[in-house]
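You will see chain A twice below: alongside chain B first, and alongside chain C after that.
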Partner chain A sequence: MALWVDKYRPRELSKLDYHKDQAENLRNLCKQSDFPHLMFYGPSGAGKKTRIMCLLREMYGSGVERLRSETMTFTTPSNRKVEVMTVSSNYHLEVNPSDAGMYDRTVVIDLIKQVAQTHQIEISGQREFKVIVISEGDELTKDAQHALRRTMEKYVATCRIIISVNSTSRIIPAIRSRCLGIRVAAPNETEIVSILQNTCKREGLALPVELAKRVVDKSERNLRRALLMLEAAKVAKAPFTANQEIPDLDWQVFLRETASQIISEQTPAKLEKIRERLYELLIQGVPPNLIFRGLVEQLVSNCDMSIKAKTLEFATEYEHRMQSGAKHIFHLEAFVAQFMNIYKKFLSELVMTDDF
Partner chain B sequence: MSARKKTWVRCAFSEMNLTATPTPSETMPAKRTRSASNVSSFRVSRSRTPSINSMPTPIPDAELVDLTAMDDDQDADITGPPPEVKENWMESFEPATSDDLAVHPKKVGELRDWLRHCEAMRKKFPAQMCLLTGPTGAGKTATLRVLAKEFGYQLQEWINPVDCEVINALGDQNSGTSYVGSHLEAFKSFLLRASRYKSLLDSQNKRLLLVEDFPNVLLSDKEANFEELLNEYTAYGKSPLVFIVADAKSRGLNISYRLFPDQLKAKHRIEHISFNAIASTIMQKSIKTFCSVMQQPQNKATYKVPSTAVVDSIVVGAQGDIRNALINLHLSSLKGVPSMPTKQLNVSVAAKGRKKKMQSTLKSIGRDESITLMHALGRVLNPKFNEDKTMLHSPEEITEAFNTEPRNFVNFIHANYLPHFKEIDDVVVAINDLGLSDCMLNEYRDDTLSVMGLNVAIRGVMTANRWPVSGWMPVRGPKRIDIKPQATLAEQRLVGVGYAGISRTLYATEYCSLVKSIAGKLVETNSSQSTDSNQVF
Partner chain C sequence: MQAFLKTGKSTAGSGDKNQGATTTRRKPPAPWVEKYRPRNVDDVVEQSEVVAVLRKCVEGGDLPNMLLYGPPGTGKTSTILAASRQIFGDMFKDRILELNASDERGINVVRTKIKNFSQLSASSVRPDGKPCPPFKIIILDEADSMTHAAQSALRRTMEKESRSTRFCLICNYVSRIIVPITSRCSKFRFKALGDDKVIDRLKYICAMEGVKIEEDAYKSIVKISGGDLRRAITTLQSCYRLKGPEHIINTADLFEMSGVIPEYYLEDYLEVCRSGNYERLEQFVREIGFSAYSVGQMMEQFVEFVVHHPGLNDPQKAKICDKLGECCFRLQDGGSEYLQIMDLGCCIILALK
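Showing the complex of A and B:
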C-alpha cells in the first residue's frame, strides 16, 4: 500500500508527463560517458526528485530502485550526536543535511566524504562514480556549502553530486558555477488536470473536471500536494462529486485563523496569544518563511486598501531581518505588532471621519 | 611530628596544664598539614581556661578530643577571666554551642536530626551520607563542627595533599624510581580507613568524616567515577560522611550540581541540607556580641568599637556572609585605622515599618553586589525612575551584569515583556528593538556587537513602555523549539522507504495533515476487515 504520489510516480525519463523536451535532453546527457554535477531547481512539488530518480535509473538501471533507509549518527566537533536519515541504493545516496540544523557541515563533510572516497567495486558495465543526492540544498548553511564545494572538487573522479533546491539564490556562487543547472518549472493547470485524471483512471475512479480544477487551484500548482489532496478527498468520500469538500492543509487553516484573530483585536494580550500560535506552528516544523508569507497574504487580503502598502513595506523589512537573525519568533512577532498598530490607527481614524 | 609529641606530653600532664593560662602566641599545630596516608587528625585544641571552675575534674584526655573548643565570648560573661581576642578572629569567635550559631535554628535542627538518624542506624548502616550546600559564609562548617562536638564525634577532615614523590626503593631493589601517588587512590583510602580505624591518640569511638575540599580529579576527570567511590563507601564505610559544598553561580562550577545529580542522591539516600545566607537581623545580633567583647578591658588596648553606621554598613555589605562581616569588623575596629568610608545605597528601606532609613554599604570593601537574572529582569520590565526622570538603574549597569550571556537574557526579556505593556504602539517600539538586537547578536564576528545588542534590547524595553501595567506577573522561561518527527509508524509505512528522504519541514508542510487523514481511514478499513474475517471463521 503506497500513496498515489509514489505509486504513480513515473520511473523512466520516457514516461514523464510534462517537460518532455527536457527529458530528452537528460537522456542525451546520460548517453555520454561523463556527467557533470547537477543542480535541479524549481518550486516544491514540480517533480525535481522524480526527474532525479528517472535520471539515475537511466544511468544505472533498475538497481537504483532497490532502496534502503538508514539512520546515521555523526559526532560534531563539540561532541554532540546528530542523527540523519538517509536513503540509498548501491549506486546512490540521498541525504537531507538540513535535518541536522546548524550541524549540517559535519554531515556534509563526514558522510559525503565517506561515500565519495569509496569506489564502485564492480566497474564492468557500470559508471565509475556514485551519485549523492542532496535534497533541500538551499537550506544548507554557508559553512556547509563551502565544505561541499571542497568535496565536489576533491572527489570529482569518484562521485557526482545532484542538488535539489527550490531557489538558487541561497546557493553560493561557487557551487552554482560548478553545477549544471536544470530548471524544473511547476506543471501548468491542464497538465495537472490530465495527470489527476490519469491517476483516477488507473485507480478505477471517475473524476469530475470541476473537482480536478478545484484541487489544482487549492494546491497552488504543487503536483504532490494535488495528488495527496485528491487521495485524502477520496478517503473522505469515495465516489467523487463535482463540489465535494477538498481537505485543507492543517497549518494553512491554522494560519488563516491566526490572521483573522489579529484583525479582530489589537492589544498586547492578543499579541501574546498570537505568539503562542506562532510557536505552535514552528514546533510543528512549518518553516518560518512560509509562516511569514502566509500571514502577510492573509492579512493583506483582509485589510483596507489604504494600509496594504504600508503592511507590505513592514513585511519586507521584518522578513529581511528574520533572514539575518536567529530567533524567527522575534521578527514574526514584530511584524504582527506593527500590523496591529497600523490597523488600530486606521480603525480609530475611521471612527473619527464617521463622526464628522 | 611535633604535634604528636606535644599531644603526648600534654596528655600526661593535662591536669597541670589545665590550670595554666594558655599563651596567646600558641597556634594550632598541624591544623592543615595532613597527608593523605596520615588519616587520623591531630587536631590539638588550645586548652580552655574559662570552664575549669564549673567543670568537675576533667578526664585527662578530654582535652585532646575537644577539637572544636574555642575561646568564646559567651563564656566571658559567665565565669573566669574574660577572653582575650586573638589575631585570628575566625578562631576567636568560633561558636562553641549551637546557641551561638548565627544559622537559623531550623537548619541546625535539620542537621541535628540527621545526626540522630546516624546514631540510630549506627549498627545497621553506619555509612550515612549528607550534603550541605549554601552560599559562602553561611555557617555550614561551623554548624557541623558544633554539632559534631555536641554528639561526641571525632571530626576527620580530608584536605587535598600536596603532591609528594614516593620513592620506590624496597629492600634489595636497587632502583630509585619515584612516582606521584594518585590523588584518587589517596582519597579512597582516606574514606575507607578513616571511617574504620581510629587513631591511637583518640579516645572517642565515633568518627565523622568531612569532605569540604574535593580532590580535583573528581571535578576535572570524567574517568574518575565518583559514583563508584560512593558505592564502595556505602558497602565498606563505617562512619557517617558529610560533604560541604559552597554554592557557585554558574552551573559548570557548581560541585553540588555536577557531582551530586538527583539520582545519585536518591540512590545513596544522601541527605541534602541547603543553608541560606545569614539573615541580617541575626547577623546584627552576633556582631553586637562581638563588639561587646571588644569593650572588655584587656581588648581595649588594641580595638575600638566602630560607629554604628559602619557596623550597619558591614552587615549590609556582607550580604549574609558572616565570615566577610567578621573580617570587615576586624579591620574597622583596629585602633589607628581611619574609619572606613561608606557609600550610600540609593535604596531606601522602611525599617520595621516605622521610619524610612537610608542604607549604606562600605565603599571599598565588601562583596560585589551580584544581581540575579530575575532581579535584573524586574529592573528591565518595571524600570524605576528618580524624581528628575532619570533611570534608577541605568541600562548600562544591567548590560554589564549580563554581557557574558546576552542571548539568554534577551530571550528572557522577550518571553516576559508583553504582559507589562498596555498599548500596542509601545509594544511595536520594544519588539522592534528586540528584533534589532537579535540581528546584532547573530553577528558573531564582532564581540562588541553582542554587548551592543544586549544594550539595545534592554534600553528599548526599558524606555518603550509609557503606560506600564502594574501587578504581579510570573516569570516565564524562553520557549525552546524542538521539531520532533511526528509521523506515527502507520503513517511512515504508508509513505514508504522514501520517508527517510523527506525533510521534517517538508513533511510538516506538505504531507503531515493529508497523510494523517489517509492513514486514519486505512486503519479503520483494516480493522473492519479483520472483524469481518473473524465473523466468517
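Showing the complex of A and C:
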C-alpha cells in the first residue's frame, strides 16, 4: 500500500489543488509546438515534482507513468566509475546528478549526450524531443553548471531540460537566463487544511479542524511533511481527536535539547559532549545545513539583540566555510565554541555592570 | 538552396541528399532573438559611431582588427555578424570562425585551430567570379573568459596572419583583455540602449508577431531588462508562450515571469529592520522562503534600492552595502539563504539604530 503522499498525488494539470492559474499557463505552454527549457523553483514540499510530472503527462500522455529505474555507470576522466540511479520512461529521464558528488560534471555531459543523440522513435503525433528532469539542481557544482549551459544549447533540437531547484541563488546566471522560470510558492495554510481534509475524506476518516491546523503549524507549510505527519498520527491513534498529540520529528527534538544544553553551560567539557551529539545527528543523516539553521534559530531565540547580530555574523561565516570544506563537524563545532565564547563574555559583562 | 544550385559547382547527388534532409525534418521555430537579429549594419540600434565606422569598412571592403566591448545585450555579436554578412554575402559561412566561451578555448585551441584557420589563404574572387575581400574573420565571443596564456598566444598570430585574417574580439569587460591585444585592435565601446530604443524595437516585434500587450508593460520590460535588448526580447517571448496568444500581456505577468521581486517586498524588509524587532524579521524571512522568491535576486535588487533610498544617510548606506557585498558573495558560493539574509537583516537593524 502506498503512502498517502503518493496515493493522492494529482496526476493531471487540471486536478492540481492550488496555483490553478499557473497550471493553466503550463497547459498553454504544452499546446505550442515549441517548448523552452524550464526551471521550477520553490521550497521543498511545495509541489514542484508533482507539477513536472503533470506537465509531462500533459505532453506525452499516460506513457510517462510507465517508469523503470536503471543504474547507469559513467567513467570519469580519471578512470573512476560512478554509478547513478535514473528513473525513466520512453519520453523522459529523471536524474539527480549530485548523487555523483564532485563527478557530477561527467554525469551531466555523458547522460545528456546519450539521451540527446538518439531521436524519438515514432515522431507521429509526438514531440520531437525527450525531456531530462534534473532534480536538486542547486546542488550541482559550478563546473557541472557550465557544462550544462553548453550542452543545453548544443542539443536543443532533440532534448529539453527541466531543472528542479529549491532556490535560484546558486544557479549561475547563464543557466537562469536560458530557462523559463516557474515559481512554485508553498501552499498557504487554508490550502493545506483543505487538502488534508479532502485526503481524510477519501480515506473515510473524519479530521477535526483544530487538529488539521496544528499539523499545518508543525509542518512549516510543507505539504509533503503535513501529509506524512497526518498519516503518522493516524497510525498512533485511529479515529482522530481534536487534542491528539502529533509526533514531533526526532531530530528536531534532539537538536532543541542540544541548543538548550549549549545555553546552560559553556565549558570545554560541555563542548565535548556537544560534539558527540552533533556526530549523532550527522550519522543519522540529517543534512548539516539543516543542523546549522536549527541550531542558530534555537540559540538566538533567547538572547539580546547585540548577541543575535554577532551570532549570525559568525554563523554565516562558518556555514559558508562548511559548504566549501569537506568535514562538516569542524565547522559546526567551531561555531558552537564561538557562540559559547560570545555568550560567556556577555554574561560576565552583565555581572560586571551589576557590580558597579 | 536555389542560389547554391545556380552556381553549378555542386554535384546533383549532394543536392538531392540535402533536399531529402529538409523535407523529413521540420525546422524548429527560431527564438525571436535570432529571428530579429539585424541583417545589415544599418539595422543596428543606437550604436551610431560603430555603425558609421563599419559602414565605411563595408563599402571599402576592408576591416581592421576589432575589439567590441560593452554590457550584454547591446548588439556586439549582432553587429559583427551583420557586417561580415554584408562583406561576404553567400560565402559568409566559409569565411568566419566563431568561437565562444562554451567552446574549448585553451591555449591548445589557439595554437592549433585558430592558427590553422588563419593560415588558410582566402581568394579575392567569389566562385561566381565577383570580387570579394581577400580575408577571413575570426570572431572570439566572450573573450574576457579566455585565460591570459591563451590571449598571449594570440598576439603573434594576430600580427603574422594580418594579410589574410582579421580578428574580432567581443567582451563585456575590456579590463580583462591583456594590453598587447587591446593595442593591436581598434576599440569600440557599445553603450547600454536607451529606453525608447528598446521600446521601439519591442513594438516592432509585437506588431510582427501579433502579440497583445498593454502600453505600460513596455516600460516594465525595459525596467526588468536594464538596457539589455536580448533579455527584453526573451522576456517578452517567454511571457507570450506561457500565457498563450489570446492573453493581453500586462506588467504583473512580466514581473512574475522574470522572477523579479515586487518592490513592496524590499520596502517591507527595510521597514521590518527599522522596527528593530528580531522576531518580525525572522517571520518576514520565512515568508520570503515560502513564496519561493530567490534571496540572491532580492539582494541584487536591494542594492539599487538602498543606494537610491532617500531615508538613509551615507554612513548607514555604506555599512549596509558592505554587508550586502559580503552576504552576496557567500550566497553565490553556496552559503545558506536563510542565514545570509538574517545576517544582513541584523546588520541593517544595528545600522539604523
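Simple rule for what comes next: the second predicted complex is superposed on the first by the 333 of 356 C-alpha atoms of A that agree within 3 Å, B and C clash if a C-alpha of one lies under 4 Å from a C-alpha of the other, contacts with A are read in each partner's own complex, and residues count from 1 in each chain.
We take it that contacts are C-beta pairs under 8 Å (C-beta built on N, C-alpha and C of every residue); 3 or more make two chains touch, one makes a residue touch a chain.
Everything numeric in this text was worked out from a predicted model, so none of it was measured.
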{"item": "Superposed partners chain B and chain C on chain A - clash or fit", "value": "fit"}
{"item": "First (chain B), second (chain C), both or neither touched by A:S169", "value": "second"}
{"item": "Chain C, chain A and chain B - angle at the middle CA centre, rounded to the nearest 10 degrees", "value": "90"}
{"item": "Touching partner for A:R183 - first (chain B), second (chain C), both, neither", "value": "second"}
{"item": "First, second, both or neither for A:P287, with chain B first and chain C second", "value": "first"}
{"item": "Which of chain B and chain C A:G42 touches, first, second, both or neither", "value": "second"}
{"item": "Chain B versus chain C as contact partner of A:E319, first or second or both or neither", "value": "second"}
{"item": "Which superposed partner A:S135 touches (first chain B, second chain C, both, neither)", "value": "first"}
{"item": "Touching partner for A:D6 - first (chain B), second (chain C), both, neither", "value": "first"}
{"item": "Greater residue coverage of chain A in the superposed arrangement, chain B or chain C", "value": "B"}
{"item": "Touching partner for A:L55 - first (chain B), second (chain C), both, neither", "value": "neither"}
{"item": "Chain B versus chain C as contact partner of A:T267, first or second or both or neither", "value": "first"}
{"item": "Overlay on chain A, chain C to chain B nearest C-alpha distance, Å", "value": "11"}
{"item": "Where chain A meets both chain C and chain B, residue numbers", "value": "324"}
{"item": "Touching residues (chain side chain B, partner chain A) in the complex", "value": "411, 414, 418-419, 421-425, 427-428, 431-432, 434-436, 438-439, 441-442, 479, 481-484, 486, 493-515, 517-518, 521-522"}
{"item": "List of chain C residues in touch with chain A within their complex", "value": "26, 28-29, 102, 231, 234, 238, 241-244, 256-259, 276, 278, 282, 289-297, 327, 330-340, 342-343, 346-347, 349-350"}
{"item": "Sites on chain A touched by chain B in the complex", "value": "1-3, 6, 44-45, 49, 67-71, 85-87, 94, 96, 98-99, 135-136, 139, 222, 224-225, 228-229, 231-232, 235-236, 247-251, 266-269, 271-272, 275, 279, 282-287, 290, 318, 321, 324-327, 329-331, 333-334, 337-338, 340-341, 344"}
{"item": "Contacting residues of chain A [partner chain C, same complex]", "value": "25-26, 28-29, 31-34, 36, 41-43, 46, 128, 149-150, 153-154, 156-157, 167-170, 176-177, 180-181, 183-186, 221, 289, 292-293, 296-297, 300, 305-306, 308-309, 312-313, 315-317, 319-320, 323-324"}
